[in-house]
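First chain A sits with chain B, and in the next complex the same chain sits with chain C.
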Partner chain A sequence: MKFFKLPQQLVSLFILFFIIIVVFIIARRIFVPATFGVYGHYRASAIDTVKEQKINYAGAKACYECHDDIFETKSKSYHKDVSCEVCHGPSAKHVESGGDFAPEIPRQRDFCPVCHGYNPSRPTGFPQVIVAQHNPGKACISCHKPHDPTPPHTPESCSACHREIFSRKMVSHHYSLACTTCHTVPDEHLANPRLNQVGKPAAKEVCGQCHDKAAESDKEIPRVDIQTHGGRYLCWDCHYPHDPEVKT
Partner chain B sequence: MNEGPDPSKGERPEDPSAQGEDCECQSRRDFLKSLVKTAASGFLLYTCGFERLLAEGAEAQGAAPHQYAMAIDIHKCIGCGRCVDACKKENKMPAEPHYFRTWVERYVTPVRGETQVDSPNGGMNGFPEIKEGEEVLKTFFVPKLCNHCENPPCVQVCPVGATFRTRDGVVLVDENYCVGCRYCIQACPYGARYMHPVKHVADKCTFCYHRITKGLLPACVEVCPTQARIFGEADAPQSPIRRFMRFNDFRVLKPELNTAPMVFYAGAGKEVR
Partner chain C sequence: MFSGYIYPNEYELQWSLLIVLYPYLTGLVAGAFILASLERVFNVKALVVVYRLSLLTALAFLIVAPLPLLAHLGHPERALEMFLTPHLTSAMAMFGFVYAWYLLMVLLLEVWFDYRKDIVLWSRQKKGILRYIYLLMTLGVTDISEKAVRFDEKAGKFITIVGIPSAFLLHGYVGFIFGSVKANPWWSSVLMPIVFLFSAIVSGIAIVILIYIVTTLIRWKRPDMPCLNKLAEFLLYAMIIDFSLELLDFIHRLYESEESIHILSDLISNRLFISLIVTQIILGSLLPMAGIVLARFGRVHDEMRRILYFISAFLVQVGIFSIRWNVVIGGQLFSKSLRGLTVYKVELLGLEGLFMTFFLLMLPFVILYVLVKLLPPWTEPTHPA
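On to the complex of A and B.
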């Protein structure tokens, strides 16, 4: 039996270790949250806490369940993809209460320019106006119905929509040229622009009408030999026609 | 000549097999003891909660229920800041500046000089005019938010396991266990986290986890008037994200950091970081 007789100090050490382990296990039970480690190194019930957060934006689908007439109007207009709550604000309360808590209706002139005010950083082609010049003092909704914003009168000038191009052209040497000098504009373009796109020049000769050596135009217009100038490149590969002096 | 073992007397003191019987007796004892020890330590590990780690491994084998992702088309962003506004309203965030889960940046590249980036009040109230006298080569808006990285640095540094990536690919904060040490705010290479001034815990975009788990879109995607933001599941063939990936050249921000973001950008030049 002499093999199994452990020295007293080792026995006490083992007892000490045993107590430490037991204390560790009990402490771990107490301090580690109940659901910690179910999915990973985190408390699984934290996910439920996040999920419980209150919803404020109901989503357009919920709006259209009652306001199907507005859906009809909107789905054919340029605002078809603009969600209701972009303008009307968070409306989950309105949906849950079944119509109480009327959502906000922005009627002021300063709301539409949040999207449609001219800003050079906005993508080309997005309809923008310079607010100070566009029917000053008039509320936007007096001409444009927000659910179908196409105005009752089709725009008479190109600048109503192509404001960015227009304002650049107006400070360039091409300021006196009408858009139709270079572009062919189908009549339908004014009412339905994306389906009836304007024609663009396809050949150097369009620029050559004024800028060729042989052209019958004002003497002050810069001239080049349109056949050889620039080699096989087209004019607008180097010169931006709406602002031809721009250094690129 | 009595030296050496005498087989006839059964004396085998120096034979290696001499202790065989004793040894066998010992090892059986040892075996029983180790059996008891194994059972005891197994029970201890069980009480420690070790089985959860094993369970986690087994669960990770199964397919994740979702894999959420967002895509942003910079060509479509008009910088209206409705997403920033909606984010603040949906998540009841402090109204004052500097606290944003999502924000819109304006990039202005002059003909000569460095690209300037600004985001006054997160782009919520529009942008001031570009400085006079600067010839602008190009300018555009870039909406930013938490990238919900597959390999998130913020999760790695959290000392208390209070921030984590769920199995459906959303990085969340456990606001009851966050100790507010701000390590994660330092670690995020995208600046997507901030200290909540009221709760005093780290706060960040959740992809509107309370909405997406109920089948709604995140608030910023819901209100984006030009569909510059797209939300969906990264691995479902029918999802808008996959459609976006088919039709666009896209990239992620700071790919060199190997964080594997789940927010994809189309039309972002190399100046976008």
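On to the complex of A and C.
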């Protein structure tokens, strides 16, 4: 009888791999934290570590206890959704101590543009200003009360809130057109936009008043036959009205 | 600078030059290994001369391959945690295992089996500290009887057969990491792993050509022409496949013409013009292909042929590096809003800068030098030159 004999190479390799595996297992024992995997793919005691961290924020309601006047004012203002500590910073110590450790007060002009500086990624209608042009040199709070920022008088132009559309239109072929050429805007929209919605044009004729073959408008304006041009689609299915382009 | 609209968190690129380097290096590993396996499994005899050299090249580059990733991490020491607490559903977290498998089970084993007999002999001949190093490397196996050597031979072949899919896995995996990013139209493509793989083979063969020519020069030997010719042929075939795959991918995108097509064509014509059209396609693909065709099939003198091979292989490296650049950097240059482009400025100093990249690019050659000193790979051609 001849027994199958493992070659010497394999024996050595097996020993080597056995050692590697043992080292691996020992390393796992030592280095993987004891509570790993109790709840999920993480160290369960991390939750306790996080819980032990100092609480810095008191929360939106905590201020009411002592500053109810400001709280009431703010909750009826445009800033009703902006929490006190967004502006005043973490104030847990202030609340616990009953009024010591005065929170910061952001009176400087560069603070409000964090939210109100012009940025095209902000949603439509979010009030934005170009800081360099909007009453430069004066603190924002000299005109706007931070706890009730209703503007001193309603804005005259749409650009205050629709900055992106405004800027885009300014450099387009339609730069000379006022917003109200196409939109009928109730005055209240300027003061209270979300409650007073503006209509959007619904029919081709809005564009036809200038672009139709028969329209009595400036000769420079390119003409199309609005009955046939574009078929049964609305003009703005193909041309963006605030920046019309011919080639798409 | 920026053009169009881009989200604030996209101004700055998160994946820097080092992440360009990483697929480049793993590509070289996979390519050099696949080249070595051609000799082993498919019996391409002309390649015997570079078999060991390409194995060592693969090993040298493999050792360096994870370093760019580590240097890119804020906490490199935490990389080990992916071994200790494996995360099975994260492709990125599985890298450690793909890498370890390839290093331990494929490359090191194959090198060991292939060199075992020589190591035993050296451990008997050499003196001093070297002797002990070789003794350690024998792992206590000193049997070099014919039977044992035959077993080495068989084991080596078996490992190579396992190794080919592993090499595909290693680099296909890198392509997968990019190809599976749904949100990025420049990356998201099922062809990505395959394109990566073939470009890896291309780069691997080209680096072996370069190293082979340089090392023979240094050793005052005459390069083995049949071997070089064979290498050049394989390089050409691989390049043709690679190029057609990329073309296919391109045409496919063009035909599908998804909403991202505008920003991507903007990307190509503005930001990637030099690195894609000029260095990747013209300098890195068309020119070297023409060079190889000319040198291989044209009537040129051997000396000229070698020079042409060398230049072509070098251009291929430039081209492949551009491919990695175009994938990694290109994929981050446009906004996910598909409305704007940002720019990438390469750092000079710093952990992710140009110098670091250069250092990591040179390191494999230093390692290769040590490996070659320790395990001389020179095999003289078996046929009359």
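Going forward, the second predicted complex is superposed on the first by the 196 of 248 C-alpha atoms of A that agree within 3 Å, B and C clash if a C-alpha of one lies under 4 Å from a C-alpha of the other, contacts with A are read in each partner's own complex, and residues count from 1 in each chain.
Everything below uses one rule, namely that a contact is a pair of C-beta atoms (placed from the backbone, for glycine too) under 8 Å apart; a residue touches a chain by one contact, two chains touch by 3 or more.
Note that this is a predicted model, so its numbers are computed, not measured.
Once the two complexes are overlaid on the shared chain, A:L16 sits against chain C while remaining clear of chain B.
When the two complexes are superposed, the chain touching more residues of chain A, out of chain B and chain C, is B.
By the document's definition of touching, of the two partners only chain C reaches A:Q8; chain B does not. Of the two partner chains placed around the shared chain by superposition, chain B and chain C are both touched by A:R28. Of the two partner chains, chain B is the only one touched by A:V38; chain C is not.
With both structures placed on the common chain, the touch criterion links A:D81 to chain B but leaves chain C unconnected.
Legend: residue contacts after superposition of the two complexes on their common chain; A:V114 is shown touching chain B, with no touch to chain C.
Within the superposed three-chain model, A:G89 lies in touch with chain B and out of touch with chain C [touch as defined at top]. In the superposed model, A:I47 lies in contact with chain B only, and not with chain C. Of the two partner chains placed by superposition, A:P186 touches none, neither chain B nor chain C. Where the contact sets of chain A with chain B and with chain C meet, they give residues 28, 32, 36-37, 41, 119-121.
Interface residues of chain B, counted against chain A in their complex, comprise 26, 44, 47-49, 52-53, 55-56, 59, 75-82, 86, 89-92, 106-108, 111, 126-127, 130, 135-137, 139-141, 161-167, 172, 174-177, 206, 209-211, 213-214, 216-217, 219, 222-227. Remark: chain C residues 5, 7-8, 80, 83-85, 87, 104, 109, 113, 116, 139-141, 143, 148, 151-152, 155 touch chain A in the complex. Those residues of chain A lying in contact with chain C across their complex are 7-9, 11-13, 16, 20, 24, 27-28, 31-32, 36-37, 41, 119-121. Chain A meets chain B in the complex at residues 3, 21, 25, 28-29, 32-33, 36-43, 46-47, 49-57, 59-60, 79, 81-83, 85-86, 89-90, 114-115, 117, 119-123, 126, 247-248.
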